[in-house]
Amino acid sequence: MIDKRVATVTDAVAGIEDGATVLVGGFGASGVPVELVHALLDRGTTDLTVVTNNAGSGETDVAALLRERRVRRIVCSYPRSAGSVWFEERWRAGEVELELVPQGTLSERMRAAAAGLGGFFTPTGADTRLAEGKEVRVIGGRRHVFEEPLPGDVALVKAARADRWGNLVYRTAARNFGPTMAAAAALTVVQVDEFVELGELDPEAIVTPGIFVDRVVRVEVA
Amino acid sequence: MIDKRVATVTDAVAGIEDGATVLVGGFGASGVPVELVHALLDRGTTDLTVVTNNAGSGETDVAALLRERRVRRIVCSYPRSAGSVWFEERWRAGEVELELVPQGTLSERMRAAAAGLGGFFTPTGADTRLAEGKEVRVIGGRRHVFEEPLPGDVALVKAARADRWGNLVYRTAARNFGPTMAAAAALTVVQVDEFVELGELDPEAIVTPGIFVDRVVRVEVA
Amino acid sequence: MRPDLRDVARRIARDIPDGAYVNLGIGLPTLVADCVGDGKEVVYHSENGILGMGPTPAPGEEDPELINAGKQPVTLLPGGAFFHHTDAFLMMRGGHVDVTVLGAFQVSETGDLANWATDDVTHPPAVGGAMDLAVGAKRVLVMTTHTTRDGSPKLLPRCTYPLTAAGVVDRVYTDLAVLDVTAEGFLVREMAAGLTRDDLQGATAARLSFAEDVGVLGQRE
Amino acid sequence: MRPDLRDVARRIARDIPDGAYVNLGIGLPTLVADCVGDGKEVVYHSENGILGMGPTPAPGEEDPELINAGKQPVTLLPGGAFFHHTDAFLMMRGGHVDVTVLGAFQVSETGDLANWATDDVTHPPAVGGAMDLAVGAKRVLVMTTHTTRDGSPKLLPRCTYPLTAAGVVDRVYTDLAVLDVTAEGFLVREMAAGLTRDDLQGATAARLSFAEDVGVLGQRE
């Protein structure tokens, strides 16, 4: 019997250890697993490497992790935004290390980890300072940079609905990094608005099959 | 106004030239764009490189292309099956060149082309004779082989339904190589069972967005 | 009268073909969407997993999760589709987007683009999806003021700011001119009314050449 | 009585944990699905884009497009999902499949697997998805007769046939024994009733070692 549903966000983040690499879904405020990140904050987990597109805003989710000094390193494409005060503060003080990765490369590196690949050559960034220290190879007359897979120990993802096998569907642009991160981590934890019965999700329209998912928790929509 | 619908399979394969690399969808008999391949046969196009998982069976589709000596080279993971008589005949006579590629690598190489990547390292096949002549690199203590992107000049794909923008959904396991091939070719031609109005396909459940599709044609279900 | 940026957006919109798949960069380039008319059907792509973006929703109709790359609320047209980030960037990097319109700090005469970082090291760097779009779109259009606010030229022999991508820009649209990037450098196609060639060269650090039939920017509406 | 292949399938089924994601190779290994019972919920994966495959459909109920990797008609259970080939192999290569059961021509004492080609050059080669599964599944189980039809051993110090993958096999199940691949080579865990250690070694080219508590194959049902 497979049942990946857990009762609380506390159960959902159980066992996540200090020093973990955590992939955190979301783009801007869309698709961010806010309650899971707060559960991780409450758990006290620290010394984290956080992989996420933005670096949080205001006082919630990744910004709160930064404020509470739980993040040692952030891997991210666009940390600077209106309200990214805590990131900027910690970064200026040298308290958080930043690895800046072009957004498509960030996503593709996680996918490579998910797919069991050893890395890939991409033209993105090849002629830029973000290629510094990286292998560059001319392929088809064009310069490409070698990029390594980026796996997570944990992925925290937000989806719309799940069944007990962990099959997921998302809602509009909140899908963003969710499917890739879910597949790229050793432990994938998902918060959803709603649980549905097994068989209720259309097999043609399941976006993340349960094989990628370890725990699902329902979070009341505010 | 975008309208990718064409009236006949003859229109659908118009302009495909001798010497083209053609990606042909399908796995066994599931999802094979039979009528499109026959239209290509009727067109007289020859000297083809065909990329497809199997090498046809009996007297239809890819087997017919082989019988009529239209195929110079086939890139394929499993050419041998019950009824792959024409492939075997042409192969034994040295009339068709075979590039054998592990199935996951075949699919991933087409995806790399679709994604604008310069190639990738995979552990698949690294210790085998299929790695002969290829670059091997140890990554994370494991041997990986470098694989190049595999783009098509043309993709012939079968789907279930399409709208005028070329958005596609598939039916059960007939999806197989379709979405990857559709994205990996310069000209993507799709046969469907049914046309639907724009907006009728659920935006959450569109499998191949129309950006990858150039022509769609309706083929009556027998 | 010197064209304003809305005129520039209108000019760019004219160059976007019917049926094109288009990604508009954050900021200025989003102005272009409002100017594409004439019965053209254009499919807008967003890096966060949307094709077929429609206009800004009416006040009160916003869906906080349905946003564009600039994190502004948008809508979806019939025929639109959602997909994940990796597929969104597959489209961008893989040459599936027909046209992108990007802002710029600097453009070089060889088509190098600098639009993500200055030499200010007091702000943390941020790159987003600009590099993927710049290397991947079939046609890269740049929309920018011709000079910076303090009058420094943005069209240069070589960029001094960190590059976004090298040799990718096809055409530049400014408030003073429309310029193609050619093997011989910037070729002026259109100029604002009342501007002399010397005026334009004076506002440009790169050496300009001029098409045989230089048009008047904004006069073909 | 020497176990038949259905007994071997039953034995393998016992080792498949509840909740596992399982890919069964073409041919013999498909026998295993019929033997997994005991209220276990196992999710079967197929390389052509299926998770949650159910039993063979009733005659007349077949869907010609809903087939498994061996091109046989199958069904989909509630909770099952369809996806494309590239994602199917992402699952296989990326370590998402918990267990695969594969057939073999030969297995070496270092866990090398040869199951896709012999040295017969008169037939065209065909590889399919075997290499991806062999390198990618978390646990690789082999199901095979202990010797070939003419009595030649299949468990060897080194494979003589072309490799599918090197150092990947975790456990081998034959009609004579269950053997783990260890750093010291094949370790016999279970043997068929009535067989002596010398009998087993005689049918095996690789040197065998024996667990302290060798069980009887098929006797734990």
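For clarity, chains are labelled A, B, C and D in written order, and residue numbers in each chain start from 1.
The rule is simple: a contact is a pair of C-beta atoms (placed from the backbone, for glycine too) under 8 Å apart; a residue touches a chain by one contact, two chains touch by 3 or more.
Computed from a predicted model, the values in this text were never measured in an experiment.
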Self-check item: Partner chains shared by chain A and chain D (touch criterion as defined above)
Solution: B
Quiz item: In terms of C-beta pairs in contact, which of B-C and B-D ranks higher?
Solution: B-D
Quiz prompt | Maximum centroid distance from chain C, chain identifier (CA atoms) | solution = D
Exercise. Mind checking the centre-to-centre distance between chain C and chain D? Centres are C-alpha means, answer in whole Å.
Key: 55
Exercise. Can you check how far apart chain B and chain C are, centre to centre, with Cα atoms defining each centre and the answer in Å?
Key: 35
Quiz prompt | Length of the line joining the C-alpha centres of chain A and chain C, rounded to whole Å | solution = 30
Exercise. Could you tell me which residues belong to chain D and also touch two or more other chains?
Key: 76, 82-83, 89, 93, 135-136
Exercise. Return the residues of chain B touching two or more other chains; collapse runs of consecutive numbers into ranges.
Key: 108, 111, 115-117, 122-123, 170-172, 203-204, 207
Quiz item: Which chain C residues qualify as touching chain A in the complex?
Solution: 46-50, 63-67, 71, 76, 82-86, 89, 92-93, 112, 117, 122-132, 135-136, 162-167
Quiz item: In the complex of these two chains, what residues of chain A are touching chain B?
Solution: 108, 112, 115-123, 137, 139-140, 142, 144, 169-172, 202-205, 207
Self-check item: Contact set on chain B toward chain D in their complex
Solution: 27-31, 53, 77-81, 87-88, 91-92, 98, 100-105, 107-108, 110-111, 122-130, 143, 170-180, 207
Quiz prompt | Contact set on chain B toward chain C in their complex | solution = 1-2, 111, 113-117, 163-165, 167, 183, 198-199, 201, 203-204, 206, 209-212
Quiz item: So in the complex, which bits of chain C are touching chain B?
Solution: 18-19, 21, 39, 41, 43, 45, 51-52, 76, 78-83, 89-91, 93-97, 135-136
